[in-house]
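I've put the structures underneath this note.
After this come two complexes, each holding chain A, first together with chain B and then together with chain C.
What follows is the complex of A and B.
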């Protein structure tokens, strides 16, 4: 082995210790029953998986996660298209807006969730106050509209990110393409729809996969804002895993769920890599 | 003439929408700030107030609470957040400098450089929930639960893909000729790295450090799962306090939450040009 490996090897070993080792452990544990309290440890074959597949709460968490991901991505991409279109011109105002857009997704998600918990508060929150002011009925955001509430908070954090990525894609398109459309007499909207969107289609695929992968991890805002409730109606797969592993201490079942989650992540990851390598 | 006017109305409508977007982004931050400046009683009055001095008399009650002896726990969590973020950012930058330099300057035969880079990238895809059980068992076995070192090492792992990629591309941007010249003058490869490449890439490395700091600072899922008391960080404290059934002191929690968003806010504005590139692994060249 040449000396050049000494540069990359520490990082590779470090990363492998924290990824491959636990993944192998997750997989092995998914075939066992283990209770750290009593020390009970035995091989149970596929029982954890069968147990998991019979568990409505597991299917619920998968449904919540993917339904939320689908809604969030649709909403975020639509709004981001509008915003990136509005900001594609260079004015003082759009420059200020671009700086503002960099902020939300960098902020601490737990603090942001608490912030929105106040904003959505039934009695003292500014949002219901506004609704009352304009004569609308107040809304029990976090209980009656838990899913929507989470969607709004996620959109507040991530629409800016999606918009900025799309905007960067739009701005990298050669002005000649837009110019040729103008000469042919296309309206601004037609130019956007038929000339610009096809140019960024690769980027859209990237964004969908990127957000999907991030949304598989969805935990923080759910934990603070709804706790997975009412009932388990907003319990995501990450929250289900947390409860199963660290509250019920059903480590075998949690490991089986981990393996399923890993399979989803790996499939999406491979798709993302293909998109990225194509560039 | 009429067309001219119509165009202007369209531009005004667009400008109004942009202003609304900016306000929607800034309002929650503003709300956090003003709530922290209210008294505990006025923060939850029946009619919410919005403008200090006009709507309500600002008070430093919540900040006085935070500097009083009762806030020892908050101070501990703040200290934990700062220490673990600094430490983990240093580890991932240290490892990232060597790996990034190696990837930029050598051709690896068995695996291609690009493959190694994408392997690092793929680690970002790993959902922390999927490795929660093994982490818990491993650190329990090592008697390292509720330990600042444990969460720092984990943060460093989570940030490694970003730091490796950022530093790798920073080194790639340095012309090879500069290093070759140094090599002819008799510098060894480690001397070149230390004396020539590092100073040239220092801005990117500083930005990578800031981003790694913020992502560690924001981490919640694993920290909450693997700490109880001693190693609690700010997000863990905020989450526990604001989901407690005992009710929440809005102004005090707003002040604490403000602390939690200030470092990311500063970095978001300071590292603006690097953030998109880092988060999308160069899929975007902003």
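What follows is the complex of A and C.
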């Protein structure tokens, strides 16, 4: 009798304990009204889900998350393509730049957020200092442009990573393809659009999926820079879950919210995987 | 090489290596034996350690009988003399006991524990493991321990606001407190006593008596040239200090955005918290502006200090015209009397700007004067900071008659914002006697009276501390006697003795109530909603929270927190 299952047993136990069991517990909690502080614990069926469907703040947090994800991915991919295309030329400068590009995404997001908090400070930040110097009005970055501020910080940290991945894809394209395009009289833009992009399309899909999963969990830069404000205009779903679960200790509602988020994430993931398979 | 030779060589290699190769059965058998041996060894070590730890050498018993007479002055007129017979003392009575205490990382508030712990450890024979945590982690980490029953923490130091959620898991301390001569319970301030009681039982010992007050640059406000200009502009004498919130706005506006002290840098009028950020403090700052307009004096109100909910129905009061007026004034001072950066200011910005003299005046906790007077750094505000009770108003909203009522003089309503820090013993503590001995030691008049004189900023919780402080100790830390009495006489005493002082919300669900307040008030501050609409949203969300948790239960908790009958 084959005992090969014994060798995967530790991995199964690990996955069951730290992935499947918490998911099942979370799912069961989502049908309960559980608040440790008040001693409330009772089965309420779908009430938590119905509460969430009627809670504007929950839908706002989902909308903020997906809007931010779409904006960030669009911005990051656009900038990354430009950077990776420029870095695909082999010069001394590009070699140095490729190494320098690894620094931002190796830094701790919380540390990066605090640095940018100082940069965007209204009274003492260098950005407003420069604006004042050139005679422009100062900007309340984290108040009037909170969403943009977060986008800038996120892009600063992740564009280098996306660029390097795209660069690897671009460098793996056979030079003969590009040469043949040049011979046929294609411009740089046409080569980029009709030859290079199709060649790295799978990589693009992977990057979209990768960044989407990360952005659905976005918490650190929001927590430090805006706290979800002004009001709830930058409150992501992760921050909403944190407030609900670990500040309000409304674990039933938080579990229901996380289940809904999981469903959205699975649907999006499956759609992207289908696109990848088609290509 | 011939094939036959290869095959023979491979067969010989297999024979040689067969001694080294073990079968799958043998591999699993060996692994199981190793695992079982490790488990047995672990169990033996654990059992042995348990018995070794619980075998404590009995301490020497020394019987001491003494009769102590305590004279406690309560307020200005009452002296209480009690005679206490001390119980027999045992040297190192808690030898071998190990406690775990959860507390804020400090050094503010908690530095005293580290300083005094060796003395207590020497006398008690016990040990304490201090588990420190950042402010934002206090609630979730302690709550997780309490609700999971893990029982890691024996003693907890926590903000008053969390008491409602922690209360079911805390040991009642009535017997300990009343029988402890070291704690001198009757010396503790009335509002602090109220806050330490939950559902008629004492479940905590106050360690830091937080409140908010006004701090102002005496040198700037008394400058004769500035006073003349102010009078010319506003038509009345520059008040030192501002007595009403309207006066504070005028003063802040007057000093906003220019170099008031000739140091080459621009100063601003005042600073307040402008964003909910992640520190929960917005509610504390805003409530100090709302309270003078929203709290009715008692009488005619049935109960004093009613600010958050109606104590008969649990209906939210937070969107009354008085509360709305306070929020409007808060937003007004942000626009007229603060720097543009105020809209992103957090608590640490407020603290640093007031102590560093970047603003001329501000409302904040007592930490301001502690830092200013005892700082070793050359602060330009040192010995120049005046203290006063938070400004009041000349009218308040009478919710019973539904109209504004003008007062003669000023209607002061200070807020005991944040409520201060309290120590409790958890129900899972296996050595409550030792735990209370530690609490009584650190909260005793001797030890706590020392702590309030130090830089780490514990606020007074005792009558003896506000009426009869150790002036010499304060002076050793850097205070002047003038600054000390200015602080006590003009701020601490009027605040703690004000019968209308507002206590924080500390009923279960406190975090939800505060979050709803902070989110919507920030929307008003940032112009997304009008103050009235924002507070209507707050009231609506509070109603939902109350309904979900049970109105009758929440009403009972709220009345218990206010010290009102709950029947």
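Assume the second predicted complex is superposed on the first by the 254 of 279 C-alpha atoms of A that agree within 3 Å, B and C clash if a C-alpha of one lies under 4 Å from a C-alpha of the other, contacts with A are read in each partner's own complex, and residues count from 1 in each chain.
By our rule, contacts are C-beta pairs under 8 Å (C-beta built on N, C-alpha and C of every residue); 3 or more make two chains touch, one makes a residue touch a chain.
Predicted model, so just to flag it, every value in this text is computed and none were measured.
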| item | value |
| --- | --- |
| Superposition on chain A - do chain B and chain C clash or fit | clash |
| Which superposed partner A:123 touches (first chain B, second chain C, both, neither) | both |
| First, second, both or neither for A:237, with chain B first and chain C second | first |
| Which superposed partner A:229 touches (first chain B, second chain C, both, neither) | second |
| Touching partner for A:90 - first (chain B), second (chain C), both, neither | neither |
| First (chain B), second (chain C), both or neither touched by A:109 | first |
| First (chain B), second (chain C), both or neither touched by A:217 | first |
| Touched partner set for A:246, first chain B, second chain C, both or neither | both |
| Dominant toucher of chain A (residue count), chain B or chain C | B |
| Clash with chain C (superposed arrangement) - responsible stretch of chain B out of 114-122, 240-248 or 258-266 | 240-248 |
| Intersection of chain A interface sets (partners chain B, chain C) | 6, 36, 123-124, 223-224, 227, 246 |
| In the complex with chain A, residue positions of chain B that touch it | 14-15, 17-19, 21-22, 24-26, 28-29, 31-32, 35, 43-48, 50, 95-96, 98-99, 101-103, 105-106, 108, 114, 116, 118-138, 140, 153-154, 156-157, 160-161, 164, 214, 217-218, 220-221, 224-225, 234-235, 238-239, 242-243, 250, 253-254, 257-258, 260-261, 264-265, 267-269, 272, 275-276, 279-281, 283-286 |
| Interfacial residue positions of chain A with respect to chain B in the complex | 2, 4-8, 10-12, 14-15, 18-19, 21-23, 25-26, 29, 36, 83, 86-87, 93-94, 96-97, 99-104, 106-119, 123-126, 129, 156, 160-161, 164-165, 168-169, 172, 203, 206, 210, 213, 216-217, 219-220, 223-224, 227, 237-238, 241-242, 245-246, 251, 254-255, 258-259, 261-262, 265-266, 268-269, 272-273, 276-277, 279 |
| Touch list for chain C against partner chain A, complex | 24, 28, 139-140, 143, 146-147, 164-166, 168, 275-278, 339-341, 343-344, 508-509, 511-512, 515, 519-520, 522-523, 525-526, 528-529, 549-550, 553 |
| Residue ranges of chain A touching chain C (in the complex, touch as defined) | 3, 6, 35-40, 57, 121-124, 138, 140, 142-143, 223-224, 226-233, 243, 246-250 |
